[in-house]
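First comes the structure, then the notes that go with it.
Just so it is clear, A, B, C and D label the chains in written order, and each chain counts residues from 1 on its own.
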Amino acid sequence: MNSAAIQEQSATLATNAAKLAEEVEKLAQDASQLIDVQTAAATMDFLSLFTIFVLACFVGFYVVWSVTPALHSPLMAVTNAISSVIIVGGLLAAGPADMDFSKVMGFCAVTLASVNIFGGFIVTQRMLGMFKKKK
Amino acid sequence: MSAQLTGFAYLASSVLFIMALKGLSSPETARQGNRYGIIGMVIAIGTTLADPSVVSFELIIAGLVIGGAAGTIIAKKIEMTALPQLVAAFHSLVGLAAVFVGIGAFYNPEAYGIGTFGAINTGSIIELSLGLAIGAITFSGSIIAFAKLQGLMSGNPITFKFQHMLNAIIAACIVMLVITLVGGQTEGVFWSLAILSFAIGFLIIVPIGGADMPVVVSMLNSYSGWAAAGIGFTLSNPALIITGALVGSSGAILSYIMCKGMNRSIVNVLLGGFGGDTAAAGGASADTGDKNAKAGAAADAAFLMQNASKVIIVPGYGMAVAQAQHALREMCDILKAEGVEVAYAIHPVAGRMPGHMNVLLAEGNVPYDEVFELEEINHEFATADVAYVIGANDTTNPVAKTDPSSPIAGMPILDVEKAGTVLFVKRSLSPGYAGVDNPLFYSDNTLMLYGDAKKMTEEIVQALG
Amino acid sequence: MNSAAIQEQSATLATNAAKLAEEVEKLAQDASQLIDVQTAAATMDFLSLFTIFVLACFVGFYVVWSVTPALHSPLMAVTNAISSVIIVGGLLAAGPADMDFSKVMGFCAVTLASVNIFGGFIVTQRMLGMFKKKK
Amino acid sequence: MSAQLTGFAYLASSVLFIMALKGLSSPETARQGNRYGIIGMVIAIGTTLADPSVVSFELIIAGLVIGGAAGTIIAKKIEMTALPQLVAAFHSLVGLAAVFVGIGAFYNPEAYGIGTFGAINTGSIIELSLGLAIGAITFSGSIIAFAKLQGLMSGNPITFKFQHMLNAIIAACIVMLVITLVGGQTEGVFWSLAILSFAIGFLIIVPIGGADMPVVVSMLNSYSGWAAAGIGFTLSNPALIITGALVGSSGAILSYIMCKGMNRSIVNVLLGGFGGDTAAAGGASADTGDKNAKAGAAADAAFLMQNASKVIIVPGYGMAVAQAQHALREMCDILKAEGVEVAYAIHPVAGRMPGHMNVLLAEGNVPYDEVFELEEINHEFATADVAYVIGANDTTNPVAKTDPSSPIAGMPILDVEKAGTVLFVKRSLSPGYAGVDNPLFYSDNTLMLYGDAKKMTEEIVQALG
């Protein structure tokens, strides 16, 4: 390998390296832009959840006021049952493979919430089954 | 299941929960509504079980089976008169479940994707500790409410010196502990928070009288709804947020309706010292003064109603206690067979929980289209020959309209005094839940029928037959 | 510069280039991961919007049924006014600096929607102003 | 403004729009509600103007000023009787605005962040072309509705052979154009879509009778709401989605109420050929057969009402046409001063748009608590001495209850025939909007007062004074 060839080669290498560095910079930029976008998406996410919450409050207001007073007891029982959707939290705690304290807690939560879910829906059904029209 | 599918499944279950409440707008659609609610719950549970992080099912199935069996048995066995305490008991379970979820999340935050043990995201630790605190308060508060309603402890308000100050101090400690937890997540602080929350739930509820418990239960229900919504934010789970908002609104609106029906403010209820055993201790005879109440026998009542063209039945707490609904329906059947028009008038706060009377009458096979709300039927008392007031008292007390200084002043009242004759079925002249004497007992067109609501009604049935 | 030194230098350069290439690869991976996350966020986004839509339909159902029949005419007028919130689209089209066809379209949309907004709210206010209670 | 702040601002404006509709649940809160709506709109516009992509304000301000001035003048000048056509006209503007937004978005998609010219994202181009089509249909449909209501064109249904087939072909073409547009976004296809949409809006509405226009307007309103919600998905803008859902529900529910009030299905209305100029051509005298209708004079009516203890006024479309509301209120004032009890009964589809009568009576200074809905007042006709039916016809026609083959069969009816005497103020015996003869005219207790509603009422006022 003569010195000229080597020099040439090293020059090419240097240019390539420079190009690579440029590319790296560009990619880094892109990546940081993406992070920006992602952060924006994340804030939008809280915003969506909040919007959902606000609308759900309106729905709750209207749907509960539309319940006939005669069925306020079943209403209490059924809200009791559906508020046990918190069982979702218990399932996630009881789900992992390793047995630990948290899994035991999850089991307890699932058990208690199940009492409520079954009990709440069944007692509601029992109450509602008694409401009959004049024959 | 893909993230998107999971999201749609949770949305579907929320919509089904909304439909469940929507169904309750009429007895005809209510059963279908309840079925929607059940489907919604199945979807929510199924979706969570399909989560990739849920890999071990033994404990989950055990929990579902044990809890489900217990819940089923309780729900099938329970007497309808015991509904208020049942709701309180179920309610305490939700609270305790929330506490367990909180503890589980504290020790294994990875399962929820909110950080690692001792290093949970700031937002999540705040939401988590608030969820824990509200859950604990709901639990201990509901337990006391249950004990008072079930008669396991005296319904009397338990008051002592510096009570409010003690509560304030504990509340301040709770706030400080939450703040400390944000700084450093030590187990000691976490457990102190849990214990103090249990304590304050207990202390807030003991000074409140037994009869006010339904308002308290409903209010705690509302809190727990908002807490569930908070947890929904932590888990980015719209189903929890929507359900939480539904339950929160429901509890708040029912508390509001009860307070309005009693013409009291929620603060007044919570400050306590009202509505103790006066209602429960009805057996003791009250001070009748020198006024005169006419007493009648079952035969008199039978004669009066047989010859009436229209009788309005006004049931109250005493009917529930005596379980008189079946006898009452039997009596009305006989009257209807003889051509008497019969209707039932339900005051918004008759009994001890909203809608209580309606469920009991339905249990007694009274068709719901014979049962009317206060506004629907109040103008009809003027055209009724007999008002048959069975175990109701405060809800018929005209003092609410005449004496602005009375504790029940301004409370809407069923105008039974406008009926030709008012029959009061109760065991004595003692006042009802609010402890206010009822001047109607001494009115000229009133006849007192002393005795247990069920026995007296059965006697009337015999006299009619 | 002797050949050994040059060789050494070129070797260093080559290693650097290789390192750079590695880094580039890593960055590219990170970026693509970010894109994945972003896409996930975007689907969540459609889901949020859809959830919002579903809840808004419930709210719409209840809020409109709660309108007293006596005020159905003002209801028509005011929904007319608020449906002109489509002006948002017109503003975005009319907003850019360069004058073009799309900007003209934006101007037209803004003008028409404004007629509706002002007209709708004012006529509603006029109607409602006439509803009086017995003195 | 940060993205998050923008989001909250749009949410605030949606909530304010909800509050605006919520306010309409009672006349007391309605004005406050309208103010909320205005604030919501200001926030929505302000938030968009703060968007970094909006940098040039001249055209925007010009548009706001020109449009705002025009809108203000129209709204201040318009007669209350012209409300139906006003709503239709405003409505066409929203449609056209949507078309302009669609075109703007097609030529400059960058402004909306939905791609570049000729290469708009698939989802967005679909939403955009649907928005364009619905906007165009709303525009041309509403223009026809306006022309028919304003009398610029005959209210008669315009029908021709193969009409439905032509519509079906155009609809198919529209669907195909949308699909083509997804494949390649050429200007030709885009403009063809716009033109065909305008055409079909025109063709769908011409066969529908003038009097059915309110149903059509309301239905188009509903469509445009759903279209706005669709655009909201494109722009990821919850404010548009929520508002769209509100407007969509409102239009759908109002159409439903109108159809139910007429006991017709929406399909029946849209297929057209019903409700033409029969109502408008009321001046022509109808075939009276050999039945006999008693005619009376203003003095007779005055005498009857003066000596009545209770008079119920039943206004209808004729009152609106004659602008008789002021004279009517004057008449009622005199009667009330003489101790006669006066109430107004409004049928759900009296007049030509929902709530039309209420607005006119309010304009005539009738207090709204004297005005009652059908269900509230229908049982009171039996105790009324006189029913004063002014310009109403179908809404009182007992044929709806008796003849199941009649076009108005099953429509709920005001039971005016139960009043002691029924006074009908109208110009002839000709039928109303539905073209069904009214047997009540020939009833024994009916007195016809032939003449213009306003003139006749003024004569009665004079006779009373």
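Going forward, a residue touches a chain if its C-beta (ideal position, glycine included) is under 8 Å from a C-beta of that chain, and two chains touch if they have at least 3 such contacts.
Note that the structure is a prediction, hence the values are computed from the model and not measured.
Here C-D and B-C are compared, and the pair linked by more C-beta contacts is C-D.
The distance from the centre of chain A to the centre of chain C, with each centre set as the mean of the Cα atoms, comes to 22 Å. Averaging C-alpha coordinates per chain places the centre of chain B 45 Å away from that of chain C. Inter-chain centre distance (chain C to chain D, centres taken as mean C-alpha positions): 32 Å.
Each of residues 14, 18, 238, 242 in chain B touches at least two other chains. Counting partner chains per residue, chain C has residues 44-46, 48-49, 51-52, 55-56, 58-59, 63, 66 touching two or more of them. Pairs of chains meeting the touch criterion: A-B, A-C, A-D, B-C, C-D. Against chain C, in their complex, chain A makes its touches with residues 1, 3, 6-7, 9-10, 13-14, 16-17, 20-21, 23-24, 27-28, 30-31, 34-35, 37-38, 41-42, 44-45, 48-49, 51-52, 55-56, 58-59, 62-63, 66. If you check the complex, the residues on chain A that touch chain B are 45-46, 49, 52-53, 56-57, 59-61, 63-97, 100-103, 105-135. The residues of chain B lying in touch with chain C in their complex are 3-4, 7-8, 11, 14-15, 18, 238, 242.
Across the interface of their complex, chain B is touched by residues 40, 43-44, 46-48, 50-51, 54-55, 58 of chain C.
Put simply, chain B touches chain A in their complex at residues 13-14, 17-18, 20-22, 24-28, 30-31, 33-34, 37-38, 40-41, 44-45, 48-49, 51, 53-56, 59-60, 62-64, 66-72, 74-76, 78, 80, 83, 86-87, 90-91, 93-94, 96-98, 100-101, 103-105, 107-108, 111-112, 217-218, 221, 224-225, 228-229, 231-233, 235-251, 253-254, 257, 346, 348, 353-356, 358-359, 362-363, 365, 367-371, 373.
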